[in-house]
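Each of the two complexes below includes chain A, the first together with chain B, the second together with chain C.
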Partner chain A sequence: MSVKYIDEYRDGRLAGVFAAQIAEAVHPERAYRFMEFCGGHTHAISRFGIADLLPANVRMIHGPGCPVCVLPVGRIDMAIQLARRPDVTLCTYGDLMRVPGSRGASLLKAKAAGADIRMVYSTLDALRIAEAEPSREVVFFAIGFETTTPPTALAIRRAAARGLANFSVFCNHVLTPSAIRAILESPGEAGGMRVDGFIGPSHVSTVIGTEPYDFAARTFGKPVVVTGFEPVDVMQAILMLIRQLNEGRCEVENQYVRAVTRTGNRIAQAEIAEVFEPRDSFEWRGLGEIPRSGLRLKPAYAAFDAERRFALQGITGRDNPACECGEILRGEKRPADCKLFGTACTPDTPMGACMVSSEGACAAHWTYGRFRDLARRVA
Partner chain B sequence: MNALLPDGMARVTLSGVAMDISVALVEEVQVGDYVIVHVGYALARIDPEEAERTLALMQEGGVIPPSEAAEACP
Partner chain C sequence: MSVRTHRGLDLRNGRIDLSHGSGGRAMAQLIADIFHAALDNPWLRRGNDQAAFEVAAGRMVMTTDAYVVSPLFFPGGDIGSLAVHGTINDVAVGGARPLYLSASFIIEEGFPLADLKRIADSMGAAARGAGVPVVTGDTKVVERGKADGVFITTTGVGVLPAGLDLSAEKARPGDRVILSGTIGDHGVAIMSKRQNLSFETDLVSDSAPLHDLAAAMVDAGREGLRVMRDPTRGGLAATLNELAHQARIGFRLSEEAVPVKPEVAGACELLGLDPLHVANEGKLVAVVSPQAVGPVLAAMRAHPLGRDASIIGEAIEDDHSFVQMTTAFGGGRMVDWLSGEQLPRIC
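The block that comes next holds the complex of A and B.
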């Protein structure tokens, strides 16, 4: 099936053209380390074998932009606790179902044990359930970056407009620029590996625009190239980053001009601003507490805040001690460095969140990349 | 996008599957537009002219020219 605006950007010949340009542009005496922030890019880089098209001194480091991966175990534990209440119907995006909580718990296991947990595709599905079943307390388990936040905001505003008293949101939305800042401010950056530049997210940037990344260039001197999810987009963006470094530039450039503007989607931004405000601090798996990196509902929408409605207390969860998701999310280790990778931990039986979501570094490496490890070992 | 529906909804084809999504977060979308869909919501419209221009540049292995005046790096 051919799809316009996708197939063209998967053209192998064009990717080859960029591979040749990149090979020509790199200075052999220096290393180029680029972090793709977003899990969608991590997936694309593994799926399309982009690492194989790059010279040995150009290395891609996986970033923390996988919403399921960075959600700390304690928040999963809180969701499980909430779902076990007999009056609650918990609605969740599908990939959260298998994320391990403390002591091997998961929403999937809680559901099997009788909790009313339902997978939804959209916040509108959760609203429909709340309307159809007024006797149930319907809670939407909201996670994700600036892409999933406007849909949550819209659902809350609709619930308010319709006087839907049995709908609330367990909010775990997080902010991309805050995480990039935390990475740049962390001692040694990405576990002692200097990051020379960033591949900026595709869909997040359709919402926030390219402007919020300016600090990375202006304050930290790191180039950012916002790019699409298709392989030729990524190759073009890598060439743009290499040229910036070679020419001593550090700018925020936009490769994804067909969908992203400098100022982003004003309607979506207004939805976020209407309903949400930053928390003082929010915990990220692997990165720890990051100031002003998470969102909560504003007091005007407190009635829809599940944490207040059910007086939820924070839980400090326990990761599987052998799981190295944290190190992998910080760019300190690669998936194959983890003892559990491919043995105890596979997408069928994930031990850590990075193996659950298709955007997770471990799942992407298991599905597409492990054959390269094997080829390297044999050779 | 195949049809506009009431309540800020629209019918789209996503990987060959017909789906109803919300277009409440995007301005002025029309039948025939291509949109980026995330968790059941259109987040952006693909600009056909920019898409053509990007492809034309790609054919030559070129890059999107920097649009802003360069500043000195810190």
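The block that comes next holds the complex of A and C.
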């Protein structure tokens, strides 16, 4: 097996070409602050060392687009509570196992204490377990943005079609545009004008299109460029944002024309709309309650909704008070600004969610970029 | 009176039962028909509880390793050959010549005798191929559910050439880092056969005994060969971080110089892994003085297991013991230890 056409998008010479164009385009007297919303971009920027290819006055701010990172403590506590039920088998993606809940609890610890928690790679794995073990209540711990929502919808519809009575979903799907709006409406943003433009994730836009970001450009005057996850894509998107600002334009542009359209994937959107509806409000770690930013199952699929099925009460968990994940997720602080970073909090002993997922801003910085903090301190 | 002992083991359909671990005739027959048959050598033939052998003059090395790999059979090897190669390699990277192995088996009730024979035969072939016999062993049987098929522990002893003392703290800034070949082959070959993960690939594990290659490097490098390691669990990243911490130095690598097969790169891309964290079972990394680089590299490339050997980076002064890498894209990044669990039971 081989993945073709990847090396072209990681080509060092092409990177050099874009780096030169960016260096030429920037106005030396102004600062450019761009937020890459998505953790996948944060990871790519760190892993390929993109910061080294940008002029000093172009700064990338890591956004909250990591579904593991923004999951509030209370939802982890609810999942642990669910997993401790003797009749329940909780199926989860591996990244969620180590996310700290309240008082140091985690799914990993609950599993060690006897809870039936199984790591799966897709929703369909959970469906297979439910079919193979009819005596177990199989619950899929669903998280993610618009990219992972259609597969969850599909699994629920498949379960309904097969009359699978022992399968349900603990739904934590969230919506990208709502979070960008919340960042733009946050007081820090209005007063400080921290972000000059956004890099939007291409995989989300393959589903929703680029249209849902129009408000950012029209209402808030922030340009958006939707782009892919290869480093050449990211470099080109940065150049496109710089050019928009220099030319006084403010648009939603699509760098990822190889898969993204303005209106997105109508079939996937219909799949989501069939099964899910927006919640009035959903809590995001670091951002707080955001109206109409999360999804839940529609009444027609209530039987597959783990929250209704097991009458789960909402839990309000408490973050470690010293943890600055909130400021970091809003782009107000850098990972190294947090007192816990690299001391109490490392990827092996995560205190905050940004350190758990490899897409979290703190984990990416710790894993790939912390040598730069020393250089910064010396300079 | 039982006639079973004369009938022989049913190697086609038979299964391990608790009597095979009870110390009685069934156990004796299992050992004779499967283990002695596969591993045959003068020490085992004497049938004692221990193997007696002459002790070489000088310093000896000893190492032990437990093998719990899942699945037991994978492209390019199985738990038997892996248990021979892995322990030989732990002796060899110290610069020692491996002499003897011991093997102990923990077998789960119900395990097919045909599979056990296949594993023992593979172990015998690996030991003969490497010229390192398994001279003593042990078998235990545990109830169904208390193990997963079979677990094997092997111990190896070897002898060091006079005066040789390879050690991480001998590495110093300016030394070069040499890698014997492509990384990630073993880990990806195992993953390709995992339930829920299975994907099509022609890739095979690189599991191989490295003692000949290591001996050639010792001869060629002499004082300039500072330290050797085999980057198994945690991959090249873990090995280089360990060396950096022990030697209180840093490393700077070039991503373009690290050989990765396209199949491995593709699978890692798909699974969200970094090839630098993926396990190897037939690769060797060495820190070598600038003067010794030429001869060591030439000796490696002359050996089939070191054909693709290349310089991947150098040791630098760094109080923080960071492993840094210039990416093929032109930026800089750290190469950190893997955090959390990538994939359990890879070896």
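To be clear about the criterion, the second predicted complex is superposed on the first by the 367 of 379 C-alpha atoms of A that agree within 3 Å, B and C clash if a C-alpha of one lies under 4 Å from a C-alpha of the other, contacts with A are read in each partner's own complex, and residues count from 1 in each chain.
One rule holds for everything that comes next: a contact is a pair of C-beta atoms (placed from the backbone, for glycine too) under 8 Å apart; a residue touches a chain by one contact, two chains touch by 3 or more.
Since the structure is predicted, the reported quantities are computational estimates derived from the model, not experimental observations.
Give one of first, second, both or neither to describe whether A:F48 is in contact with chain B, with chain C, with both, or with none.
In the superposition, A:F48 contacts chain C only.
With the two structures laid over each other on chain A, which partner does A:V17 touch: chain B (first), chain C (second), both, or neither?
So A:V17 only meets chain B here.
Between chain B (first) and chain C (second), which does A:G342 come into contact with in this model arrangement: first, second, both, or neither?
Neither chain B nor chain C is touched by A:G342.
With the two structures laid over each other on chain A, which partner does A:P278 touch: chain B (first), chain C (second), both, or neither?
Neither: A:P278 stays clear of chain B and chain C.
Of the two partners chain B and chain C, which one touches more residues belonging to chain A?
Of chain B and chain C, B contacts more residues of chain A.
Figure out whether A:R218 sits in contact with chain B (first) or chain C (second), or with both, or with neither.
first
Quick one: is A:Y121 in contact with chain B, with chain C, with both, or with neither? Answer first, second, both or neither.
In the superposition, A:Y121 touches chain B and chain C alike.
After superposition on the shared chain, which partner residues are touched by A:L154: those of chain B (first), chain C (second), both, or neither?
Only chain B is touched by A:L154; chain C is not.
State whether A:V257 touches chain B only (first), chain C only (second), both chains, or neither.
first
Following superposition on chain A, which residues of chain A contact chain B and also contact chain C?
The answer is residues 1, 3, 121, 125 of chain A.
Per the contact definition, I'd like the list of chain C residues that touch chain A in the complex.
It comes out as residues 196-197, 199-201, 256, 262-263, 265-267, 269-270, 272, 274, 320, 322, 324, 326-334, 336, 339-341.
Tell me, which parts of chain B touch chain A in their complex?
15-16, 21-22, 24-27, 34, 36, 38-41, 43-48, 50-51, 53-55, 57-59, 61, 63-64, 66-68, 70-71, 73-74
Which positions of chain A touch chain C when the two form their complex?
It comes out as residues 1-3, 6, 10-12, 15-16, 19, 46-53, 94, 98, 120-121, 125, 231, 346-348, 358, 363, 366-371, 374.
Can you tell me which positions in chain A touch chain B when the two form their complex?
Residues of chain A touching chain B: 1, 3-5, 8-9, 14, 17-18, 20-21, 93, 121-125, 144, 147-148, 150-151, 154, 203, 206-207, 217-221, 232, 236, 239-240, 243, 248-255, 257-260, 265, 267-268, 271.
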